[in-house]
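Below are two complexes that have chain A in common, paired first with chain B and then with chain C.
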Partner chain A sequence: MPNSGSVIKAAFRRHDVQLAGIICVMALVFSTLSRTFLSAGNLVALLENYSVMAIMACGLLVVLISGGIDISFAAVAAVSQYLTAIIIIQLGGNWVLAFVLSAGFGFLLGIVNALLIYFLKALSVIVTISTMTFYFSMLLFVTDGKSLYDLPDWFTADLSLFGIPFPIVVATTALLLTVLLLSRLALGLQIYALGGNPEAAKRVGCNLLGLHCLVYGYSGLVAGFAGLVEAHRVEEVVPGALIGRELDVLAAVVLGGASLLGGTGTVSGTIFGIVLLAILQNGLTLLGVSSYSFGLVTGLVILISVSVTAYAAMRQRKRSAVNAD
Partner chain B sequence: MDEPTASLTHEEVAALLATIHELNRQGIATVFVSHRLDEVMTIAERVTVLRDGHNLGTYWVRELDRRRLAELITGHVFESSLKPAFSVKSAPMLEVRGLTREGQYHNIELEVRPGEIVGLIGRLGAGRTELALSLFGMNPPDSGEIWVDGKQVQLRTNQDAIRHKIAYVSEDRLSLGLVMPQTIADNAVVSVLDRLTGPLGLIDETHRTETIKRWIFQELRVKTNNAERPVQQLSGGNQQRVVLAKWLATDPRVLLLDSPTVGVDIGAKAGIFQVVDALAKRGIGILLISDEIEEVLYQSHRILVMRSGAIVGTYDPRRVSEQELREAIYA
Partner chain C sequence: MPTEAAATPPPARPAVIALCERDPTVVMLAGLICVAILFFGSFAPARFLSAETLRSMAFQMPELGILALAMMIPLMSGGLNLAIIATANLSALVMAAILTRLIAPGTSPVADGSAVALALAAGFTTAFVIGFITGAIVAFLRVHPILVTLGTMTAVKGLAVYATNGGVIGGFPSVILFLGNGSMLGIPASMILFLLCTILVGVMMNHTPFGVSVRMIGSNEKATRYSGVPTGWILVWVYVVSSLLCWVAAVVMMARFNSARAGYAESYLLITILAAVLGGIDPNGGFGKVLGLTLSLVLLQIISTGFNLLGFSPHLTEAIWGATMILAIAIGVIREQLTSRLWFRRTRDSESARSVGVVPEETGIRERI
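Right, the complex of A and B next:
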């Protein structure tokens, strides 16, 4: 019979509970060291700053669960953002059109990744690094690296829903959409199965081509969202603005418990991963530590969380080898 | 070597045993700790049996047979009895006519009637698994016909086979059957997702719970109190029950069982065959593929021997000895 003690112990072993604990401790430390840290202004700014990252993380999470990886999402976001911006500057339009266009471009670029990975049986990391380089270089080549500043007024105007800033609304929507996909739809279960054991997934009749298109297409689609939100926040479209975010997003998702080996990961874990990274970077800024340390922190976080996951998997394997029957 | 084969696949086990033989030739002595009868019978010269912390003695393997060893290990006497003659004369559930795939098998003729268990035995490489994969749509034949329930079918992908109510429990549950990080429940329902979902593709929770209750707890009696636990925490025998549950949930008419008891201990084996018998009584046609002569002899109504890609003989278990079967297989 489980008593309350063992229930609490079991809860402490859960990844997201551990993360929540670390977040609380860090928040406590930073709030004693810096008076502004826990102010409402800082927290809302923090959420808004990291909303673009949260949106992109949704796509990457789904790809990681399926057993692949997508490095190209920031480049996809940049391309979708730029194409959409050109169209709405030239022809006008509204938010619905902007979203449909940007998500549509993102989806198509994601499908290109999916088809290459599926039909060439190539490693997703190699394919998406190549497409990242290609998409981004193409963008710079064609546009000559020119930024777009003359975005329509309706696009750059402040926007909020029930007082919640627009980027946070979009991020929340993307997170909810991902929860729906992963834990309420049959497709979600198939994505986990694909990542956990592709051959078993194939044998029970999963459509592997369809699933590849779904996960990489979804990653591209939400990257399209992210590109729009970024352009709205900074009120301009700079081709290179989003490039370089890949590692931060990857750090957050892996920190949140998604395995690079596929088959595991949750939206709640990803949220905690982003919050942890956000607090860490924001706290360091408020303490006056150079922003050059961000990369240091990100790298260290990936290293530590990958080591912890690998170590846990190693112990799990040892245990199951002893108790095989 | 302490349980060296616990997490290995079928082929890896064979490779390991070959390595041990080689070491043996070089004069290295091996203590091989295992609960798997086949491996012990293959690799060992002498065997010491431990049960509940007691030493039950050391025996020469050549003086033991598997049944005697199983009795020593478990303390139970295993009654193996042959199946009664199969007398149902209904039309075949599965019928194969002149099936050929170059380089793998040729001119295969077989039929499985509803409720019949047909054993298919042959050496590794005899073409058994290749044939089974063809019957499951994953290895299209070059020529020949496959009939299911009186209708000729074209099986180009395994999705076709599943649609025609053919289920295939593959020879290696670790690498081909289960999604290890997932829960028992998710592993069990992944084959029937299309039936559990509403118009928007949303999973119907009550339907899901019912499916799990029926197949995991009632029909297969998997030893767990919580189906939301990772499947990797189960023992080999119970994992195999989950694989069976997954395929039975699809409500198959033909069940292809490819070496269903590899790596399952002797007590759990009997349990799995009880399930198989119950399925046959319900009218499912079962093709049982196995490496073990004893298994096909005691668990099937009819035995087909496959050698170098052809079926070389059909035997009635009540009129053939183990020795005769061995000769047919290894001739």
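Right, the complex of A and C next:
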């Protein structure tokens, strides 16, 4: 019969609870040091700034849980953003069409990744590095690196739902979709199974080809969302704008407790990972620390976080080994 | 009849096929290089097949080459080092800062010499410390190398950006510049440096206990540990050696650009992985040859220079690099399937031959029972 003390202890051992604790402490520190930190304006701006990252993180999380990794999502976002922009500039349209197009292009490019990984039986990191190089370089080659500025008015107009800015709405939708996929559908369990032990998943009767297509297709699909939101926010389409974010997003998802070995990871953890990085950078800005220090701080946070997590896991293993004896 | 078949020796196979079976990656790369040379040679024979082009290729290859070597060693151990570019840039910046502070137009050659030595030592130390920290976290805390080096990459690059505000430090003495732009006996100095590194790494990986341990760790870390190899320290040295190669690359890079900056050569990061894997380095660890890596670098360089001569944009070249990579993986898969089918047929034939020979014996046993 566990008493309340051990329940609390067990809760504290959970990764997302620890993260939430760190976030609360940080928010407390920053709000005492800077008055603007907790203001509604600052928080909304913060959420809006990190919404594109959150959307891309959803796709990467699903891929990581399945035991793979996707480095190409930023390139996929750039390509589907550009193609969609060309079509809506030429033919006009509306938001529904834009979303369908962008998500569709993203999904197709994701499927290409899935087929290559499944049929060539190659490491996902190698395949997606290759496709990233291919997609992005082809985009730059074909477009000559030219940006698109003449987006339709309906596309760049301010948009909000019940006062919530559009990027936050899309990010929330993507996060809810991911929760639905991972913990409300049977498919979600199959994704966890694939990441935990692919051979076992196959013998249980999972369709591995279908799952690969689902996982990488989903990553491409949400990357399409992210590309649209980014274009809406900055009111232009710059081919190289999203490139270089892959490793930031990976850092956030990993900070949120997803393992590169597959089989673990939660949406809540991912949200906390992004919020942690966001609050840290925002707080430092408000305290007047030079923005040049962000990389250093982010890197140290990643190193400390993964080291502490690994150290705790090692101690736990030792403890359970002793108990087993 | 069956005994006769067993007695005749298997027909001697041609040397080419034997080579193909022993080292398929090298053969495939050599083939692809020939195809590339023929392709570009027939499209732009005058410009492509000239000494000038060869020289420019020899100047361009070493940077990427040394960095690819730095990526190769962790890959062989089953890891990855995403921090190579950041490490190279930070140690280049440290060296550049010392050189530009200590060397003024009026100083004596002796003082210049000691300043260069001091700068090189400082760059070496920087790279060593980064490699040691990375290796220690990978080896003793057992964190996935992708995560550790993602962290060190971000932190090291962040430190470089923070210290310089993203600026450029430039203007070096001629000794350093010689390494980037000078040549000896017609061979670029940086190329000689690259060849030295290649030979050193090749000898280290194939003919020292360290190299064998690294490859064993890449194949099966647990088994290696249980057979008494200090896997932890070997892994630390893997990342230290990788970092030190970045230091060599840093010297070449700063010499070629005559400057150092936090953001140089970032696009090389994923290209080094591509070059290594194309060169037959198994990304799961354990297998790979320096010769394969060198050939893949030559292939990538020929593609790059060739398309450049044909007037295509560098973006198309990179796209083709990506496609080449996937093509190489596909060729590998198809080859494996073909050989396993051949192997299956061969074993099936010999099995049936043996079973024919065994039949009387078996029946004999059965009769005895």
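Basically, the second predicted complex is superposed on the first by the 306 of 325 C-alpha atoms of A that agree within 3 Å, B and C clash if a C-alpha of one lies under 4 Å from a C-alpha of the other, contacts with A are read in each partner's own complex, and residues count from 1 in each chain.
Here, contacts are C-beta pairs under 8 Å (C-beta built on N, C-alpha and C of every residue); 3 or more make two chains touch, one makes a residue touch a chain.
Values in this document were obtained by computation on a predicted structure and should not be read as measured data.
Applying the document's definition of touching, compare chain B and chain C: which contacts more of chain A?
C
Classify the contacts of A:A186 with the two partner chains as first (chain B alone), second (chain C alone), both, or neither.
First partner only, chain B.
Considering only the touch criterion stated at the top, classify A:A20 as touching first (chain B), second (chain C), both, or neither.
A:A20: touches no partner chain.
Using the touch definition from the top, say if A:K202 reaches chain B (first), chain C (second), both or neither.
first
Examine A:V169 and indicate which partner it touches, taking first as chain B and second as chain C; both and neither are also allowed.
neither
Between chain B and chain C, whom does A:L303 touch in the aligned arrangement: first, second, both, or neither?
So A:L303 only meets chain C here.
Residues on chain A in contact with chain B in one complex and with chain C in the other?
259
Quick check on the complex: what are the chain C residues that touch chain A?
It is residues 80, 82, 137, 141-144, 146-148, 150-159, 161-162, 165-166, 266, 270-271, 273-274, 277, 283-284, 313, 315-319, 321-323, 325-326, 329-330, 333 of chain C that touch chain A.
Within their complex, state which residues of chain A touch chain B.
184-187, 189-190, 192-193, 196-197, 199-207, 259, 263-264, 316-317, 320-325
Residue numbers of chain B touching chain A in their complex, please.
Residues 3, 6-7, 35, 136, 138, 158-159, 162, 168, 170, 175-182, 186, 189-191, 193-194, 196-197, 201-203, 232-233, 235-237, 246, 263-265, 268.
Given the complex with chain C, which residues does chain A contribute to the contact?
Its residues touching chain C are 69, 71, 116, 119-123, 125-127, 129-134, 137-138, 140-141, 144-145, 244, 247, 250-251, 254, 259-261, 290, 292-300, 302-303, 306-307, 309-311, 314.
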